[in-house]
Structures are given as structure tokens and as C-alpha cells.
Amino acid sequence: MALSDIIRDNINSLNYFLPELLLTGLVLLMIIADLLLKKERSPWMSIIALIGSGVVLFAIINQYELGSRSIFNNMLAVDEFSIFFKLLFLATTILVIFLSIASVELSGRSVGEYFTLLMILTLGLFLMASATHMITIFIAIELVSIISFALVTYLKTRRRSSEAGLKYAIYGAFSSGLMLYGISILYGLTGTLNIYEIGEVLAGRDTNSLALLISVLLIMAGFGYKIASVPFHFWSPDVYEGAPTPITAFLSIGPKAAGFAVIIRFFNVALSNYDGVAEQWLALSNINWPQIIAVIAAATMTLGNLVAIAQDNVKRLLAYSSIAHAGYALLGVVVLSSQGVYATLFYLVVYYFMNLGAFFVVIIFQDIIGSEKIDDFKGLASRAPIPAIAMGVFLFSLTGLPPTAGFIGKFYLFAALIKAGPEFYWLAIVGLLNSVVALYYYARILKAMFFDKISEGVSPEPLKISPYYVTLLAVLGIPTILVGLYWAPLANLASHSVHFLPTF
Amino acid sequence: MSNVLSWITFLPIIGALLIMFVPKSNKSLVKIIAALFTGLQLVLAIWIYMNFDQSTSQIQFREQYHWIPSFNIEYFMGIDGLSVPMVLLTAFLSFICIFASWKIDKSVKGYFAMFLLLDTGMMGVFCSLDFFLFYIFWEVMLLPMYFLIGIWGSPSRVEANGAVRGGPYAAIKFFLYTLFGSIFMLIAMLVLYFNVQDPVTGGHTFNMLHLMDQANHSGVLLNFDLRLWLYAALFLGFAIKVPVFPFHTWLPDAHVEAPTAVSVILAGVLLKMGTYGLLRISFPILPDAMRWHYFAYGLAILGLINILYGAFCAMAQKDLKKLVAYSSISHMGIVLLGMSGLTAMGMNGAVMQMFNHGTGTAMLFLLVGVIYDRAHHRQIDGFGGLAVRMPIYAAVVAIAFFAGLGLPGFSSFISEAFSFLGAFGSEMFDLRLITIISTFGIIITAAYFLWTFQRMFLGELNPKYAELPEINGRELFTLIPVAVLVVLLGVYPAPLLNLMQSSLNELVEVVKTAGPSSSTLLGLF
Amino acid sequence: MLAVGLNHYLILSAILFCLGLFSVVTKKNAVTVLMGVELILNAANINFIAFAKYVDNDLDGQMIALFVIVTAAAAAAVALAIVLNIYQRLKSINLDEADSLAG
Amino acid sequence: MITNAILILLLPLFAFVVQIFIGKRLPRQGDWLPTGAIICSFLLALPIFFDALSNYEAGHVVVQQSWEWLRFGNLEITFGIYVDNLTSIMLIVVTLISSLVHIYSIGYMQGDERYSRYFAYLCLFSFAMLGLVLVDNFFGIYCFWELVGLGSYLLIGFWFEKKSASDASKKAFITNRVGDVGMFAGIMIIFSTLGVFGFTDVFTKIADGGLSGTMLTVTGILIFFGAIGKSAQFPLHVWLPDAMEGPTPVSALIHAATMVAAGVYMVGRTFVIYTEDALLFIAIIGTITAFMAATIAIVQKDIKRVLAYSTISQLGYMMVGLGTGGYTAGLFHLTTHAFFKALLFLGSGSVIHAVHSQDMDDMGGLRKKMPITFWTFLIGTLALSGVPPFSGFWSKDAILASALEFGMNHSAYMWIFVAMLLSAGITAFYMFRLIFMTFTGQAKDQKKFDHAHESPFTMTLPLVVLAVLSVGTIWWGWIEHLLAKPELATYATVAVGAVEHSAEHGNAHLAHTIALFSSIAVAGSGILLAAVVYHWKKISAEAWGSKLKPVYNLLWNKYYFDEMYEATVIRATLWKSRIFAAFDVKIIDGFVNGIATVTSKFASLQGAIDRVGVDGMVNGVARVVGVFSNRLRTIQTGKIQTYILMALFAVLILFVLQQF
């Protein structure tokens, strides 16, 4: 390819890169604004962030009309798949901004940097969703990681927050090291870092499968760290517990979903014969990675759920539950079919609502009663019925019971597994048994809120829940139920987004 | 009235929504709304009964709409002779139970809203003909049930041995058990879906009528071993609900800890869902698996175990409500036994038994509630001689007990007798020995009911209860309709029988003969 | 004379990788652990450059190495800031003492 | 006629419904309503009876009509009425005795707290009993079979404040249920094989060979189980003596004349289904019952219990009659026994009413105080003892003859006749023992004696009526013809046994003659011995009692049947129920509990940290999961380097896994 072609391609690509550019501009604007605005006028920062997000949203939707293509010399892909994730990330960001505004934890601190960092993080997620080259993948992941370290440590005067940040940083740096080493081996095996070319090379010639396995396992360490799957999940409970709750909520969705985007794209493009047409495709013959992921998925669900049972801190419990949910979402990756990818995408959207919702209820109660312990949730249903009922909806949805969105999400995942044939029945059974286990610990929270009497010494007076909270709960809760009853639009969106660029 | 099934299913939900908007203080309005909507539901159920064509086994009052086209999920409602009695039973008991709940005063709004939601779930299960829809309704019932037992059931307490028992415990136990069962149902449902073709569109389908047509089966469904596994998975889901030994231990807890009306619904309607599911789904969709000897005999033997085991356990109980709970296990065993022989008589007997157990056990639980409200305990030995003090109550209990022990003239006698006769006369399987052993259950049943009656009502009046008030008008109002039904159907069961038998006779024929056309499959026996 | 070939580079990087792993796992000092991570990253870098020379004639290998150096610096900066913060809280940067979040 | 039959059935039902709901508010607490209803039934039964008499031929069917009740596909289940000679006689017996008992009860139950309820129950029982007699199919007879059980339960336990009464009623019902299960099994065989319930249909199909051989024998025996329960045959006879806790008129009606005879009636009604082996079984059971009960009666002190055992014994006679082929004899005895036993019970009721005690040690010399009662009672006793010309003589003689004939044809079973003959002597002995202890001699309890008086008119009238009927020498002739054994002509190939039984007519005449004289002889000697012991006191009963202590104890304790059942069946049932219940709680509920324990034991062996103890929500699974959960939780040490190591280790495992 001639140099001029390359330059022309870069310039032409800018058009497709508009959302990211806008986001970059927004970040710059916010940095400047933060300098100019006085601290006490910090609400402006969130407003700027929200307005900026709105603009970016339009840019993203606009991308649907531009059509799919590969940009910046195959560094990034703009396709329905990435657009879907970008929408999801932006939605997450917007909601987390709202949660942060409400959060008492964050009040009284300078929030200018906080929102700025949040927007940079979003940019990193955007890149992760569209990266098609190992360089962009690595950089995007690093961008997300580094910013997350900072955000987790945001409450720097609080010991738990600092400690969480430290663990997160060390674990993150370490796992990117592993991933990078894996990428380097893969590079050695194929001579390229472009995932399409990697796929072609691996399909075309017989590679040393041992080396390939080592490299894939090491790369999986990096990806697995992002989605917090076993055995790379260890950081997550500690970080989730230590971080400010809005950030925890964000981490449990944004980077996790981005991790899935990368995993799906990488494994299906580089390590299988995906052609964008067939409904079902196969893994490359010299590495049985679906089996690895199947084992990881089963282990992730099981461990996440089992350990969650013993928790008595709601936030930590939700951390383990989100580990388990990563395991569920992985089920869709295992089967190598458009049905599977579709199910994973669908599940991530559903998970967005129910998980954010659950975290939000925790934020509310944490702000009001100052505790995240299950024991302190006793009798809250009578004191604050609306958040309690909402919590019920979210938890049932997380369990996967009809008529909530969570059931539909799980239904699609298991349908994909069953469709793939009898060799995956075991995984479906493991997954479903896990949801029984999950019910057990989710029900503990419900039991405390609904069945148990208010602890002695706690006043039984009703808690005041501001309309702002109620509105946010409705925004999250109503879709959780509605999607459970009629999900055809969402299903269409997801099935539309299954197609990532098959070739460049 | 073309959408009568939707109306009858969703009316309670409308009521529940209305209740949400009633001010908290206006408790009686909440109750009136609940009574009104369940009453309307009952009226619709009666309308359905009047307009139901008893001569055909076809699906009637059919409603079919696309719901999620991409997955071929339909909103498909319809009823036949198997569902109609259950619809009637559900509407009837729901209405009765609203009045049995009249004295609830803890978060009244929540209670009645939950109750109505439960009502919708139950009705939906009996009306839906799309497996997916069926599953949704099946699960939807769990949530209100969980809260009804947990919040309005008896409070948590610590037993002598340190175990925590009470409503919350029973609620989660019930929930976990049922969920455990239903996940296997879900898997079986998906396997069926992906291996059945809609004959019209060629796509996969959840439509039960298509699932039942063996000609539509393909793929792994042609593998007999897998069909057996599927049957087992479905059976597990349904068996827990019935509950079949050894999956029954949730039942005594749930029944005992639940408030009276909820116990009535649990025993009266929810248990029937298990056997209904077997008849609606397992039998016609996988008839060859049902006919597999180990499964057919297994079913009969499980019925036998339920009958005897439940009866023996009932005899050992000291808590009246627990006794009634175990008697339910015993009586549901008769249903299993009746259906296992694949005879018209047994099948009709089994479904009649489902209905009659629903009414009979409802009476029993209502009566337990009456005495509990007065004496605040249920220990059988703690009473004595109550017949002197509460003759009317004693008389009603006697009716319920004699109905429970299968005395001729009461409805359950007919259904028990026909279940036994049907199973005994089975042509496909030799169930004679099993049936004869099962009939010993009726001796034990007589023994524990009479023994209980003696301990509670006969003998010297316990002076502690010398001032116990007699059963009141509201309670009688809930009991008399049920009692009338029990006696009427005991003397002349034809109205019930004629309602169901076209469909059931057809079902028996189908299950006896249908199966994959390929004879090589059957070679695997 | 033995020509320096691809294998030598790979062996060197493998040794570096292992050393990095070793210090990450064993050292108690947070800064030392971060240095271990740097070793791992640089081991990967050596791989990249070696492969770029011997396997690929494109510039991908060199490019990613440059990026790694940059991002590693950024990551180290943030990580060290956090370590500093921890030191202020705990008066220690022993990783074993940062275990209040567990279970 | 059909209207009559239906009205006979429905009148008591109607009276019951009215009486139970508003009886208390009616004048005289409504006692006239059930009484009137049953008397009407009696009057309505008369034309039916006369119809049978006027036709005077065997196998005559007065009325037969049935209606569809249920329909299963093509299978029609009907309910109907079937009245033949046997039914018409039974109708008369039931309605007449029931009427008399109703009238008697007006006096006897006067002033009882639940007076109106008593009549309702009595009426309910009459309805059920009449239904049992009238119904035309096996299913129906089973239904009414259970319903008479209900009536009996309610009436035995009428004075339920007494523990013994409520115990007795429960015992009666449950013991009957045991027999009923057998009967139901028999019905199941019949229905599953033949597909019909109706008597005539079943008989026709059996005649056509639809059911035969061993299976038919088994069926017959199973059906007979019902009769074992209801007619208090060995080994299910234990409930009847206890049933004497009920009011005495009830004992007369239910536990002497009608319900307990229902078993005999049913065997008679379904006679053709019994094969030779089945009949032999019936005969043997009957013999054991007759002899055993008679011996027990010797030592009883309670006047009603003596009569109760006597009833059991006489029911055994009837069974022997039927079993040895004396179809007519058995049913004849049923009829005569109904009258004189009802008479005896009512008479004893009159005595009890007078002295307020049932213990014969409290009585004596009552002849002077209660002349009507005495004389009627004496007639009854003579009838029961088999003294000519009283009715019992004729019927018992017929049974003995039948047994003897059977023994002559099958010499291995001669002992049946011997046992029967002995029992006849014993019967005479204990009945006169009763007479002597109660009515003659000196009053043993002076206070009670002074208080005693003749009963009111409503009570003595029934006694007189029944006494008249107990004389009936006239009976035998026409009844023999009316109740001819159903065989050959109608059911040609069926009753192989029946054919066999009557094959050798040559013995019949001889048997009759022998039986006639021997029965008079044993009755006479029985009476004589009783007189010697109890009237003239030449032999001391006490002395002999202590001399034969083991025998006496055995009899006094009724062969220890109750104790045996208590120790075996009841204990075992309760034990089983407790075991099962415990099994439920301990094993099933906590089976994973066990696994949890094993797991944790194993784990502690491994030296792992044992942190058991989630609050065990769903005991089993939850606890196991909880154990795992807590164990797994400890992985999360909080130390970052542990995490890294574990992750590396896990990657290694994945790597190794992939190598296989």
C-alpha cells in the first residue's frame, strides 16, 4: 500500500471517528472548564459532561448511516457491533454521572477531575469496542485501566479506597504485562498484529499449537482481567468494595462490557473461521479455545455465586454476583454462533439495567443509613418501600426470573447453548443450577428487607426518598420489567449488532 | 367474549394495579376491590363453563397472537377439558380465599396485590398453550408466593435444636425447590424448541400443539435415550410441584408457615400444576418416554409411595396443619397412580381427584385457620372435646375429614375410587399389585383423620377452651360453598366428569399410541 | 562464532519475564513489584522487536514497543501516585499490610 | 313398586336432612319426623313384600330399574334398584326393626343432650342400610357399605365425651376399613376383568366364563373381606364388643340386627361368584368366629358384651350356613336372628335403663320388677338357644344340618359341624347364665334394685312386637322356597361349588334328622348346665374359674386379640409413621446435610480451615453450598500477591487441561 493511500485512508477515516473526536474535545473542554470554574460551582461540570455526552450520542447514532468500514489502516472498525457497544458505554456513563451527582460519598470533593476522568474512561471503552489491531487493543485496554486506577482511588483519604486502587493498579499492570507477552508470542507466530491477518495466517498454516496455546492463555489473562472472570477475578471484590459506589457500578458494566467486545472480536476474528455470513462457525483446529472459555465460564459462574453466599456486605455481594454474571455472558461466546453473540449482547444490555439498578439502591441506602451490611438492611421495606420494591425487581432480574429482563437475557443465552447441541447441555445445567444458588443469596437481601423486623434501636420511621432518586429508579426499573414482557425491539437491536466486520 | 381467557387471566392484575392507587388507610376498599375482581373472574369462569363445548376434545376459546416473532414465541391461550376444571377451581378458590384473608391487617395493599398477582399466574398456567408462555406464568407465581409466605406467614423463630424456622425459611425453601425443578423444565423446553418444526412455517416453535405432534419432531428428538432424559427433566420440574416423594419436604414447611388463604391456594391449586404439567406437557409430547416401562411403573410406584408415605407421616404429626399438608402428599399420590395406568377411567379419576383434592383440602386448611385464629396454636393434643363447645365447627370439620378420608357421598371418594379402578384395570401395564398396596393408604387415612378428630373434638372438653367462640358467619361463608361442592360432586360427579372426559379420553388414546413413527426407536427398549 | 539469532532474544526475554514474575510474586515492597511488572513488559518488548526483525518485515513490532514504553510510563506514574497515597495512609508500602479488603 | 322402592330409600334421607339442620327447633325436638319417616318406609315395604309372597317363586324379581350415573366414553356406570325376594325380606327386616328401635329410642333417649341429633343419625343409618339392601351393583353396595359405617361411627361415638366411646367408634370405623379395602380390591378385579358393576351383569358375565378359576376364588375371598369387617368375623371381630359403648337401641339396630348382618346379606346377594374354595374359606372363618365368640361370651360380666359376643357367634353361624352351601339356612338365620337379637338388646336396654348399669353383678332378681322385659327377654333367649318352637331353633337347625351334610360329603370338614354343635350348647349355656344372673335369684345391688322399674310403654311395645316375631314357627316353610339357592338354571356354569355342595341329596335328609335331635340335645344340656351352675348353684363358677385359670384368662381377655393388634398392627403403624416422619425431617430434608458433614470431616482431615455455619436456610443443599462458599471465600485473602499467584496457578491448570 502506497504511503499516499495510507494517508488518504487516515484522512477519510476521520469522518468515521467523529464520536471519539467529539469525546476528546469534550475532555479537553472539561479540563479547561475545571480550571476556570470555581470549585463550588462544580455542578456545571456534570452538566457539561451530560451535554457533551448527548452530542456524542447523536454522533454515534449517525454512524449507523455511514455504514461499516475499517478505519485508520485497519486499526479500528466502525460496524454495528462497535456502535452497539458505544451506545451501551455512553448510556452507562450518563447514568453514572447521574448517580454520582446523587452520591453523598462524592459530595464535598472536587468533582471536576472526576467527571473528566470518567469521560476519558469512556473514550478508552469506545476504542476497545472498535479495536481490530493488537496495538489499539492494548492501548485501549491500558487507557481504560489507568483511568480506572485513578477513579477507584478517588476517595484518596479513605483507606479502603486507596487500598483498592493499589491492588487494582498492581493487578492491572501485571495482567497487561502477561497479555502483552502473549501478544508478542502471537506476533512471533504470525508476523502480524492485525487480527484479521492473524486469523488468515493461523487458518492458512499449521502453527505450533503449544506456543499458540500459551499465547492465547496469556492474552486471555488480559481480557479475563477486564471482564473479571475466574481466575483473573481476584481484584474485583476488593476493588468493588473499596471504590466509590458509582465507580463500582461503572466498573461492573463499562469495562466488563468492553472486555466482552474485545473477546468476541478477537476470538471470533483471529481464532475462528467467522465470515460474517454463516450462523454458526468453527474454532481453528489447532486450538480448542471454546473449551477453555467454557471451563472458565462454568468456573466463573460457580465461584462467583458460591462465594457471594457467604458475604454480608451488599456491595461485595454484588461484586461477586457481577463475577458470576460475567460467567453467564461468556456462555454466548462459547457456542460460536450468531445466536450466541446475540445472546451475549442482549444480556449485557439487560445486565446494564439490573446491575446499575441494584447498585443504585445500595447507593441510596448507603447514603441514608450509612451502611452496606445486609444486617443493617433489615426492615427497610417498611421504611422505604419504593427502593425496596425496586431492589426486589432488580434482584429477581439478576436471578433470572420472569417476568423480568434478566430471565429473557438468560433465556437467550441458554437457548444458544441448547441450540449448539448436546455437547453443551452440561454447561446449560451448570448455568441454571447456578441461578438457583444465586437466588439463595439475592433472597438473603430480600429477606432482610422484607421479612425481618427492624433491628432494635433503629427508628422505624419512614425514610425520605427524594423524587430524584425515585425517577432514577424508575428509569432503571421500568425497563427491567418491560423488557421482560416485550423485548422484540431490544432483540432486534441486538440481532442487528451481531455483525462485526468480517474482513477488511 | 372472544378474549375471555385473557380477561380471566389478567383481571386480577388490573385489580392489583387499582389496589396500588388506593390510599393506604382505606383497607376495606382494598379488600372490596380484590373481592370484586376475583368475583368477576369467577363469573367469567362460570361463563366459560356454560359455553364450553363438552363434546369435543378440541382446544376452545383459542387466542393466538405473535409475541416475539424472531423467536416464534406466541401468545397462545386456549383450554380443553383438562384445563377447564383447573380454571374453575382456581377462580373458585381465589374468590373464597379473598374472604379467608379478610382479617389480614399487615400491609393490606401489599397482601392483596400479591394475591391477585398470584391469581394471574395460576390462571395463566392453566390457560397457556405456548410452552414459553406457560413457563413465564409458572415462574411468575413464585414471586408473590415467596412474599406471601415470607411476609404474612408466621414469623421467624428458633427451634429447640437451634434451627431457624418460620415463614421466611419456608418461603425461600419453597422458592429454591421450585426454581430448582423449573430449570430442568427450561432446558427440556429449549431442547424441544430447537428440535421441533412448525409444520406451517418450518421454524422452531413453542406451540404445544405442534410439540405434541410427533411428526414435527426432528434432530436429537429422534434419539430415544435423549427423549427419556427430556422426560426425566420435565418430570423433575413437575414432580417438585406435586410434590412427589422425595421432593416433597418443602411442602409441609410452606403449608404450615403460610397464612391460611395462601395454604389453601398452595394446596388447592399449586400442587395441581405439577400433575397438570405432566398431563399437558410430558405425556402428550413424549408419549413413548412415558410408556417406557421404568417410567410408567416408576410413576405408579411413586404414586404408591406418596400415598402410603404421606399417610404415615400425617399420622405422626402433632401440628394439625402439618397433618393436612401431609395428607395432601398422600392424596396427590392417588392422582399419580390414577394417571399412570393410561386408562380413561384412571385418567378421569386422576383429574377429578385434582379438582376434588383442591376443594377438599381447601376446606381443611380453612378450618385449620379458623381454630388457629381462636386458640393461636395448632397442636392436636392441645385441644379436646371441642365438639361440645363448637358443634357447628365440629360438624364442618367432620364433613371435611370424612371427605378427606374418601367416604362415599363426598367428592374425593369418587375420584379416588376411579383412580384406583383405572390403575388396576390398566391394559398397558400390570399395576394390580401396586394398586392393591396403595389402597391400604385409605385405611391409614381413615386412621389419622379419625384419630385427629377424636383428639381434638371428642372426649372431655379441655377447660382452657370453655369460652372458645363458635365459627362465625364470614368463616362459614367461605366454607359452605366448598362443602356444597364437595357433597354435590360426591353424589353426582357427572357435571365435572363430562366437562373433562372428551379431552382426557383423547389424551389417553394419544399417549397410548403416539410416538415416533420410526420403529427402530422402539427397538431400543 | 555463534551468530546472535532469534532464539537468543527469545531466551533473554523469557528470562526477563520470569525474573519479572518472580519479583511480582515475592517482593513485599510495592515499588519493587511495580519494577517487576516493568520487567515483564520489557520482556515482551524484546520479543516484539526480535520478531519484528526476524519474522515480520513490517514495523508493527517496533511500533507496539514504543507504545508499550509510553503506556508503561503512564501506568507507572499512576501506580506510584497510588503507592504514595498508601504510604500516607499506612506509613508503609508493604503489600501484605494492604489487606483490609478480603473475603 | 319402583316408586315404593325409591320412597323407602328417600324418606329417611329427607328426614335426616331436615332433622340435622332444624331438628332441634321442631316440636319434641323432631323425634316424630325420623320415626314417622321410617314407619312410612316400613309401610311402603309391605306391598313389596307381599308382592314377593304372592308370587312365591324362587328368583322372582319384584323391581329392577337403573339410571345412568356416569359415563366414561362408551362405558356406562349405572345406579339402580334391584328388588328380589331376598331384598324384600331384608327391607321388611330393616324397616321394621328400625321403626321399632326409633319408637323405643323415644323412651330410652329421653332427656339426652343431643336427643334430636340422635334421631338424625339413626335416620342416616337407616337410609344407608336401605340403600345397601336396594342397590343393584357392586360399586353402589360399596358406597352404602361405607355409609353404614359412617352411621355406625356416629352412633357408637354418640356419647363422645366418654373416651371409651370415642375410642370404640374410631376402632369400629378403621377395622371396617381394613375389610373394605379387601372388598374394594375384589371389586377392582371384577371391574377390570368384566367391565361392569351391576350384579346381574357381573353374574351373567361370570356365567359366560369371563372370570373363573383361581382368580374367581381370590375375587370371592376379597369381596368376603368386606363381610369379615362388617359382620365382625374372625379376625376383625374386635370392634363389635367395643361398639357396645353406643346407646343400646343403636346396638340393637346396627350391631345386632342390620348392619352386622349386611356382610351376610352381601354374601347371599353375590352368592354365585363364590367358588367352592371361596365358600370353604367362608365356612372356616365362620366356624372359628362362632366358636371363639361363644366361648368368650361365657365369662363376660357386661350384659351387652355377652350379647355382643353372642352376635358375633351367630354371625359366624350364618357364614357357616352360607359357606357350607346352606344358602337358605344362612339367610334364614339372618332374618330370625335379626328379630330375636334386636329383642334381646332392647330388653337389655330396658334393664340398663332401669338399673343404670351394664354389669350383671349389679343385677339379679329383676323378674319381679320388670315382668314384660323378663318374659320377652326369655322368649328371645329361648330363640337364641335354639329351643323349639322358637324361630332360632329352625334356622340354627338348618345351619347345623347344612354343616353336617357338608361334613358328610367332605369328611375332612366334619369338625365344622362338631364345632357348631358345641357352640350351640355354649350359646344356650351363656344365655341362661345371663337370664339367671340378671332376672332370677337375689338382687346383688339392693340400691339399684330398689330403684329399678318397668320401662315406659314406648320401650315395652317394641319388645312385645319382637317377641311375637321370635316365636314364628311358621317361618321356615315359605322362606325355604322364597330364598332358594340361586344355581344351575340361571347361572349354569358358575357356582361350581354350589353344584358340588348340593350334589348328593341323599345325605340331606339324614343330616336334617341328626341335626334336629342333636341340636335340641345340646341346647337342653346347655340350659341345664347353666341352671346347675347359676340357679341352683350346685357347681361354683368361681371355683371352676380359678381351677381353669389359664383358660379363664384367655377367654376373659378375649383371646388377647386387642392386645395382639395393639402390639403388632397398631404399634407397627404408629412406629412406621413416626419413622417416616423422622425420615422426612432427618434424612430427606437433610440428606445433603450428611454430605456436608462428610465433606467438612474430609476437609478437616486435610487440615483445611473449617468454617461451617451459614444459618442453614435450606438445610441440606444450602449448608453444603454454604460450606463451600465459606471455604472458597478464604481464597480471597486480601493479599494481592496471593491473587497473582493463584491466577498464575489457574492458568497453569488450564494449560495442563488443554494438553489432554
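We call the chains A, B, C and D, going by the order they appear; numbering starts again at 1 in every chain.
Quick note on the criterion: contacts are C-beta pairs under 8 Å (C-beta built on N, C-alpha and C of every residue); 3 or more make two chains touch, one makes a residue touch a chain.
Here the structure is a predicted model, which is why all the values come from computation and not from measurement.
Path length between chain B and chain C in the touching-chain graph (shortest route): 2. Of all chains present, the one whose mean CA position sits nearest the global mean of protein CA atoms is B.
Chain centres here are Cα means. That of chain A falls 77 Å from that of chain D. Chain B has its Cα centroid 43 Å from the Cα centroid of chain A.
Separating the CA-averaged centres of chain B and chain D is a span of 36 Å.
Between chain C and chain D, the centres computed from C-alpha atoms are 95 Å apart. Under the contact definition stated at the top, the residues of chain B that touch 2 or more other chains are 172, 176. Counting partner chains per residue, chain D shows two or more touched chains at residues 617-618, 622, 633, 636, 638, 640, 644. Residue positions 24, 33, 95, 98-103 of chain C are each in touch with at least two other chains.
Touching chain pairs in this entry, ordered by label, are A-B, A-C, A-D, B-D, C-D. Per the touch definition, chain D reaches chain B in the complex via residues 69-73, 75, 139, 142-144, 146-147, 150, 153, 157, 160-163, 165-167, 169-170, 173-174, 177-178, 180-181, 184-185, 187-189, 191-192, 573-574, 576-578, 580-582, 584, 588-589, 615-619, 621-622. Across the complex, chain A meets chain C through its residues 134-135, 138-139, 142-143, 145-146, 149-150, 153, 156, 159-160, 162-167, 169-170, 172-174, 176-178, 180-181, 183-185, 187-188, 191-194, 237-238, 241-242, 310-311, 316. Considering their complex, residues 163-164, 169, 172-173, 176-177, 246, 248-249, 252, 309, 311-317, 344-345, 348, 385, 387-388, 402, 407-409, 413, 417, 420-421, 424-425, 432, 435-436, 439-440, 442-444, 446-448, 450-451, 454, 457-461, 492-494, 497-498, 501, 505 of chain B touch chain D. Contact residues of chain D toward chain A in the complex are 614, 617-618, 622, 625-626, 628-630, 632-633, 635-636, 638, 640, 642-644, 646-647, 649-651, 654-655, 657-658.
In the complex of the two chains, the chain D residues touching chain C come out as 633-634, 636-641, 644-645, 648.
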